[in-house]
């Protein structure tokens, strides 16, 4: 078995998204999310197999494809979302792990088409800017090569708006769900959890004050940069 | 004991609706839901007995009735909702398992009389159209043969609106709760869980944007058909 | 030790209100609720001691007082809310167990001063009418004999509005929390859990449709009476 | 190892904020909170080390600094929030333990800049007045000595508004999160849990009635003083 360690870690990360509440409370029987990781050479991607329930997932089940999507090892079909993951890996050079999930609050912002603005320092601790909404695809892009086109739309949204994907390591797919990523599997999971927490808090905040504005940029800078900048000194 | 396996499976599915949060958090002492299954010959239905708490349920407790409701085996009375289940089995030919529950979000949409529109791909992955509300019955239909009339109203709602019950395997009873079904017990449970998750997400989405419209039909088609259509290729 | 069995049951019921989420998620360190039971002769009441955390509660800790509040056995002080419980026992003759809790949704309706109307059959299955709000006491009734006056206000609210306390076995104290009761400890607990579930569902329902009206009385009658009336046949 | 007992207790209290849901459901991988305690001489403070995940925390990891922030023992860096804790200890003489957390409801009130008014007796049982919002700092106070300035702003808010920090043992930092404190670690934890519960209930209450007013002062007095006043007699 090639990439034994990566497959084991990807298997564990896929089980984690259930435990962390990212695919919905207790809904182990729904398969509304998937996690992948890329190897150091950036030539092989290990990803959840298609349709396998999380609790029964084994390292053998994890599928390995090359960066073009050609299957290298694994008896199962890779997740239907594989082309989205590959498009991200091909374009966001430092991203080594990706999480996709239909977590309740993030996906509701996606359904409403509302970006997740930075309303507090929890957001600023993890994301250096608002979480963008990748607009719903036009008909022809849905009907042919849908998943690859979704990946391209994510990349385009970040490029067009000059967003650094390592500074804002997440996005919402309109009417769909969340993607989050990182330099490691645990960073990608952490960003997905932080996104869902921030989405829940923004929902509550907007319920208390629908006119609320994002925090001042000097506060956003301070929190993000004390944790992630060149002079980072953060740690709670 | 006849239908030993079905009774065991129906018992387990009734316990599952508690674990899956469909009858409310921790409320094992309330009996706000029931599950049934039909045998292959479509002549016998196994269903939760009346008023027995879920944790103490045994296969022996599960009641078997024939398709007309005549008790075949089991010392206990069948669930008061048995005539609703039977009406569904008699009319929706491929349905082999039914879940009824007062899950919080679905039942709140039912209480508000608001259908669950398709606002995102989570919905589209499981349901090929909005979840209809079966209108509250008139006085005379409540006072006599209430439960059978509820079953008839469900069937009528699907027939009148040309909804295929296998494509939209769930409905809301106005001012009451949810019914979901499937070709197997686990499919029926999965549809009930998906419905409750979608209801929660729609509540949040409507809180963020009360004017939100259903997703474009080409996106709904894509997601439903890549998973359930003749050319299905889905699997996360 | 007198009333050994009752004290054991009251101890267990006090621990149950934590497990059932009635005093808040995980908040074992807050003592925002208490349960009591009366013996068959209706002369002795067993109630939670004052300020003891639920997990460490033993049958010995449970305090026994007579119906006038005179302590009969137990080294500890009875709950500060004892006079409320006693007033209810003295006036509602068939009530044998009482639960008080600051459960989140019920207490929020109490804080808002909004009665819990019957918006669906979940409510109708447990309560034969809306859950009344007992208005906040005037200054002089708070300053002297506060707890006894609260008990009197509960009784007065039911008498003035001709509500049968066994048909509507719960109320909200304005700006405070819930009281629920029953003919047994498990019935009282069940009514408290049903109340909190109905409160949560009404909050969601009102969020979806703020103009929603109570269900038709024939439907309320049907659900309540098929379960609790002389010709009851209910059981899910 | 100096202050062995305090370090053990501080370690345990830091793990408690996860279990009590104060840093978010399941999010053990986020470090959105910290707890500290001061020794009896008020010269040494034990606090969470910077960036260490809660589950792996040991007493050795807990850092001891003197009241000016000079590190006394411990191989790790103290939490980035240490200057805030120290400022509180230097000014609020009876405070012996402090909790900081980004709990969802409290932090959402902080994000919205809305104080937590006393809308019910749950609040009055724990806090003798509304929970104030400490306003967001000006640019120059964020850019230099941010954490010390946050501590000063907390102290100033209490002094300027004549709030006794033992009567209102908590505050919200605008756009940030909660601080709660007490005379012991368990009191500080209890106050943080009570604050989060009250925040959740106020969110629900304001959803039901956006015009709701604080409770009458005689009711607030009664509940707070029967529990905390010189003539306290409270205990549920």
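The chains carry the letters A, B, C and D, assigned in the order they are written, with residues numbered from 1 in each.
Throughout what follows, a contact is a pair of C-beta atoms (placed from the backbone, for glycine too) under 8 Å apart; a residue touches a chain by one contact, two chains touch by 3 or more.
No experiment lies behind these values; they were computed from the predicted model shown.
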item	value
Intersection of contact partners for subunit B and subunit C	none
Interface sides of subunit A and subunit D: same vs different residues, half threshold	different
Angle of the C-alpha superposing rotation, subunit A to subunit B, to the nearest 5 degrees	90
Between subunit A and subunit D, centroid-to-centroid distance (C-alpha), Å	32
Subunit A and subunit C: spacing of chain centres that average the CA atoms, whole Å	46
Contacts with two or more other chains, residues of subunit B listed in rising order	207
Arrangement of touching chains [line / ring / star / complete / other]	ring
Touching chain combinations (by label order)	A-B, A-D, B-C, C-D
Touch list for subunit C against partner subunit D, complex	24-27, 29-34, 48-52, 77, 79-81, 100, 102, 104-105, 107-114, 136-137, 139, 142-143, 146, 175-177, 203, 206-207
Touching residues on subunit A, where the partner in the complex is subunit D	19-21, 119-122, 125, 186, 189-190, 193-194, 197, 200-202, 204-205, 207-209, 212, 215-216, 218-219, 222, 226, 233-236
